[in-house]
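Both complexes below contain chain A, partnered by chain B and then by chain C.
On to the complex of A and B.
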């Protein structure tokens, strides 16, 4: 029974990270109908910037806002400089749905190589003052550390902030309107292009939170977040790719699922399991658990 | 544009191959190795061109399909002791079977969903090697095709032999694909890519055509994978990384994604970029960081610039006999 609860705790922490990456993908999908494969790259770059801030200021907590701002800025720049012109150029051509995928892959590869060029391909330590040693319960150490707790709390805070933003602010309304009916929003005075860039910026911020929170539990290298991209995508698809709540539930479900596979089957099947889960969801319930639309013809 | 008959095309390809193979006698081992690498990349990129440039589907998982081909070829050679040219056929077939299964699912997915699903495959499949003992784990399995035939003389190097084998395979693949694309199947795929709805209304069975394209593309990827295993001398999860899958897509995009002849150009560019950037880095006294990462930066910038400025592919000087027919 102890193992069972431990597995759930481990799953909860990794699930929170998947949820953040999935949130980043969903925010971009809602604003521009693009699956941002560069999300992992943007997150790694912002984490490196957070790492630089920490080595200068010697304070993990102060480096967090730096990383988050950097993440938002990087993401907004990617949208404004590459994705927006690309969407305008390829509109109505046969490559319309493929070109953004290729472009975001290019950004992912470019950022990874750039990070390697600046910081090297070595493993760096981006350490947090919180311990990565598990809490003691009775006489046993459980595999859930204060840093894991910070991850779960951080993800929850980000989700609540986004939920409040979309529900209660004019910007949130504009974000929803621009993704739902861009033409009509434009007619009612929403600056759709600008709102889309802001959507990307929020996504970049969510990814940056994931990178800066998860890295202290592992290490920092140019491709240390790549696998999160796959998990984040699977989580987003489970949740329907449209819904913020769906992204979070998808992330947690996947995190706990992975933890059980890891505990009872083995590490090497995890990503094959991700592939199979993805296929099953896409073929049986393509709109995801929380999706409303009936087709995946996007 | 006048149609060349299949026989004329074959003759031209064989001529080019003969020139390359004779020429390989005048270069060192490293160049032979790079030549073989380029030939394998050309085959693998042509599989993406067939899939993306013709049937309009995308795959970020062709590295995994190459792994299927490579592992199948190696397992057959090791356990069934068949001669290695047949192992390549087994690799081709295994790639095709995997591609058929994947294609059935893929035909129902579009654009980013298909990209994400194949991405998960590219990450998941190679790591399976650690789960099953027969697949050799992280170290992988050795693939030894033996020495070049003795009749070629004792100074015929191993890598030159690999170059000869891969060039012959590439010629066969290009000839078959070129002929296939000028049949009704090729026309169906082009129609499908241009406008799926209109294609369906014209009586094309969209699902069937897509699955067929995916299967054939995966056969070609499987062949490329088994040739890659020969060149490396082994199969291991680390040989078929996510980066390999991305590299293939990059090559296809750089070559102009619906231009079969362009795959050769794309492959040569992919092999040449690290070489050129290493020379440049050495010249300017770059550190290890630069040597390891400069090729990636250059490739990514080229990739982004290509989709941004020439989304339908750069207008390469067409190699007429391989060029696609006028639409």
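On to the complex of A and C.
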């Protein structure tokens, strides 16, 4: 029984990270209908910036807002400087839907190389004052550390903030309206271009939170978040790609699922499991668990 | 004269959708644009609200050009377009659709007043505020679309086929509402319709266009009493 609960805790922690990455992908998908493969690159760059802030200020907690702001800014710039002009230039051409996706791959590669140039391809330590050693329960150490707790709490805070923003603010209404019906939104006076950039900025912030929270449990290198992108993407698809709640549930489901596979089947299959889960979801319910119908919720 | 259109051209790829079109509309006038499918009616409205680029010509509202402006900026200049086909956002609630109409406005008191006026005009919307717009009937959606536009406090209302797909009884209600609104608020209205009879019944003037060009314009009775026009454009 202890093992069962431990597995759920481990799953919650990794699931919270998947949920944040998934949220970053869903926010971008909703605002511009692009699957943003650059999300991992943007998150790693913001995490490096957080790392720089930490080494200067010697305070992990103060480095978090720096990383989050950097993530939002980087993402907004990617949208305004690359994606928006690209969308305008390819509009009505055969490459209209694929060009932006390829561009995000280009951005991912570009950011990774840039990070490699600046910080080298070595493993850096972005350390948190919280221990990454598991809590003691009785005489056994469980595989859930204070940093894991911070991850779960941090992700929950971000998710609640976004939920409240989308549900209760005018900006949230503009974000939702612009994602569902950009033309009607413009005719209602919504500055859709600006709103889209803000959507990207929020996505960048979510990715930055994921990067800055998870990196202390591992290490920092130009591609240390790449595998998370895969899991985040699978989580987003499970959740239906449209729904914020779906993104979160998808992330948690995937995290817990992985933890059980890891515990009861073995390490070797975890990664393939992501793709198997993805395929099963796509075949049985291509619109995702939360796709179509309940997307209005958040 | 408040809306001046002069030698307007709109190109859709190789097709000239609006061809050398000129007309003027006076303040407070309700003018209906009549024509068959593909005559360029919708294109004309989309060009006037900034959704489509204009290739050549002039379009002025209250003495200032509206060409090259974005729809979201024209809304702020009082030009509000209710696009074709029950222009609501089905994923949002009725209340949120209405809120969207005033989202850019600073005067929140007046937004509240405008919302109250809309709910008085269309009480059925008031009963369904929390429901998703996707649960509304076709007529209710059209009421919501017009209601949302009214919350922007438009001076020039561009209405594209409000009768599309609606039952005759509902069409009468919608037109009666438009008629009441424009008299009460002194709106200038450009009403695009295929349902020429209903449109002419509330219009001050009709403009008939075909293949993007002006055929003729006149008062409703002029148009209805011309047998050639009746058979060619009014469909009976």
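The rule is short, and it goes like this: the second predicted complex is superposed on the first by the 292 of 298 C-alpha atoms of A that agree within 3 Å, B and C clash if a C-alpha of one lies under 4 Å from a C-alpha of the other, contacts with A are read in each partner's own complex, and residues count from 1 in each chain.
Definition applied: a residue touches a chain if its C-beta (ideal position, glycine included) is under 8 Å from a C-beta of that chain, and two chains touch if they have at least 3 such contacts.
This one's a predicted model, so the numbers in the text were calculated from it and none came from an experiment.
Because the two structures share chain A, they can be overlaid on it, and in that overlay chain B and chain C fit beside each other without clashing. For chain A, the partner with contacts to more residues, out of chain B and chain C, is B. In the superposition on chain A, contact is made by A:190 with chain C only, not with chain B. Of the two partner chains, chain C is the only one that A:174 touches; chain B does not reach it. Contact with chain B, but none with chain C, is seen for A:98 once the two complexes are overlaid on the shared chain.
Superposition on chain A places chain B within reach of chain C only down to 17 Å, the least C-alpha distance between them.
Taken together, the two structures place residues 296 of chain A in contact with chain B in one case and with chain C in the other. Considering their complex, residues 34-35, 37, 82, 85-86, 89-90, 93-95, 97-103, 105-110, 112-114, 116-118, 120-121, 222, 226-227, 229-230, 233-234, 237, 266-275, 278-279, 282-283, 286, 296-298 of chain A touch chain B. Interface of chain A with chain C (complex): residues 170, 173-174, 176-177, 180-181, 183-192, 295-296.
Considering their complex, residues 49, 51, 70-72, 75-76, 80-83, 87-93, 96, 99-101, 103-105, 132, 148, 152 of chain C touch chain A. If you check the complex, the residues on chain B that touch chain A are 52, 56, 58, 60, 105, 108-113, 115-117, 119-121, 123-125, 127-131, 193-195, 242, 246, 249-250, 253, 257, 288-290, 292-297, 299-301, 303-304, 307-308, 311-312.
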